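In this document, chain identifiers A, B, C and D correspond to the written order of the chains, with residue numbering beginning at 1 in each.
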Amino acid sequence: MMHQQFQDCIDACNACADACDNCAAACLQEGHASEMARCIALNMDCAQVCRLSAALMARGSQFAAALCRVCADICRACAEECGKHSMDHCQRCAEACRRCADACARMAAA
Amino acid sequence: MMHQQFQDCIDACNACADACDNCAAACLQEGHASEMARCIALNMDCAQVCRLSAALMARGSQFAAALCRVCADICRACAEECGKHSMDHCQRCAEACRRCADACARMAAA
Amino acid sequence: MMHQQFQDCIDACNACADACDNCAAACLQEGHASEMARCIALNMDCAQVCRLSAALMARGSQFAAALCRVCADICRACAEECGKHSMDHCQRCAEACRRCADACARMAAA
Amino acid sequence: MMHQQFQDCIDACNACADACDNCAAACLQEGHASEMARCIALNMDCAQVCRLSAALMARGSQFAAALCRVCADICRACAEECGKHSMDHCQRCAEACRRCADACARMAAA
């Protein structure tokens, strides 16, 4: 399977997208959404770009590396923001974003 | 062009998705995001389902009607919520959601 | 974590989306794409609807069940088509689609 | 409306995505999909990246420009490939891709 080499990065993207979507919804519902506005906005971007990066890698697209480069930048920004907040969903999301940023940066450089 | 019959509904979905994404970001940034939490959450769902409905219609997918049925329900819920708020972006979004709900309901019934 | 209950179905959706995207690209590149046209078209629909279903479940969306119902139908159609073809990527995809159809049907009924 | 400045590029992305999804489905169904394999693969990437670029612009995302840069590259590759084929859907798609590539390149440079 020619795209199996991408599997680690695909898994990291899927896990990060799930964590970001979960974090966005939790941040909205906990009564202090205004303070979490930047976190929610980054979660939305990060989740969508991660899911599309996974799709392009799974298809072996020639543009997968270019999208992963952008994805790594978004993941890093989201990790930095989520990492500031003590809620479990934010801390889990920050960790998933850091793993995904690393995996995408490696993909983009390959 | 075989899928041209879907063009009105595709246009309504794209316009609704743009209005929902815009409304979500504006609601987040205006300092009262907690009160707008349900609006933002519905905007996120509605934007994504509208964009995917447009994609399936543009491909003439056999599942376009089934997805449009779900899309119509989401658009109606989003229109109802956005319609409660006086901000321009909410009112514009409510109007785009109503048009899209009608177009998707017609598509689903066709 | 309130959405943890959805985790099995989210995982099935992500795995199915990856298998469908992979199968679509492989079917396109193996020199007999015309015979695989229905397989590729279903792969495209299935991958995108699975990824969006995962997103809505991860956010605990009130529309997750409705989308999962549509997703289950698409997964079943894709499993049936892919199951007719002997290539490894088609057989793996058919299996991922069957698992995802079952998981989504349970979600939709919950 | 703060993101109105992006409206032209959003419109170009939506139109390009619709044309690419339409072209992919038509290329699959016309009996010579093997020869159109690269066209279909690029259509799939281009449609999805265009729809996500529209979403990020509509939200005024700080990552909209970076994604538009990737989108411009994909649009140019898709325009070049579609432009080689005489079918109406390919020629329409090539034209939509060229417009979108120009609009995204301007957005990325702004």
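Just a few scattered comments:
The definition used in the following text is that a residue touches a chain if its C-beta (ideal position, glycine included) is under 8 Å from a C-beta of that chain, and two chains touch if they have at least 3 such contacts.
If you're wondering where the values come from, they're calculated on a predicted model, not measured in any experiment.
Between the interfaces C-D and A-D, more contacting C-beta pairs are found at A-D. Computed centre separation for the pair chain A/chain C is 21 angstrom, with centres defined by C-alpha atoms. Computed from the mean C-alpha positions, the centre of chain A lies at a distance of 23 Å from the centre of chain D. Contacts with at least two other chains are made by residues 24-25, 41, 44, 48, 55, 59, 61 of chain C. Taken as a graph of touching chains, this assembly is fully connected, with contact between every pair of chains. Residues 41, 44-45, 48-49, 52, 55-56, 59, 61-63, 66-67, 70, 73-74, 77 of chain A touch chain D in their complex.
Across the complex, chain B meets chain D through its residues 1-3, 10, 14, 17-19, 21-22, 24-26, 47, 51, 54-55, 58-61, 88-89.
If you check the complex, the residues on chain B that touch chain A are 24-25, 28-29, 31-34, 36-37, 40-41, 44, 48.
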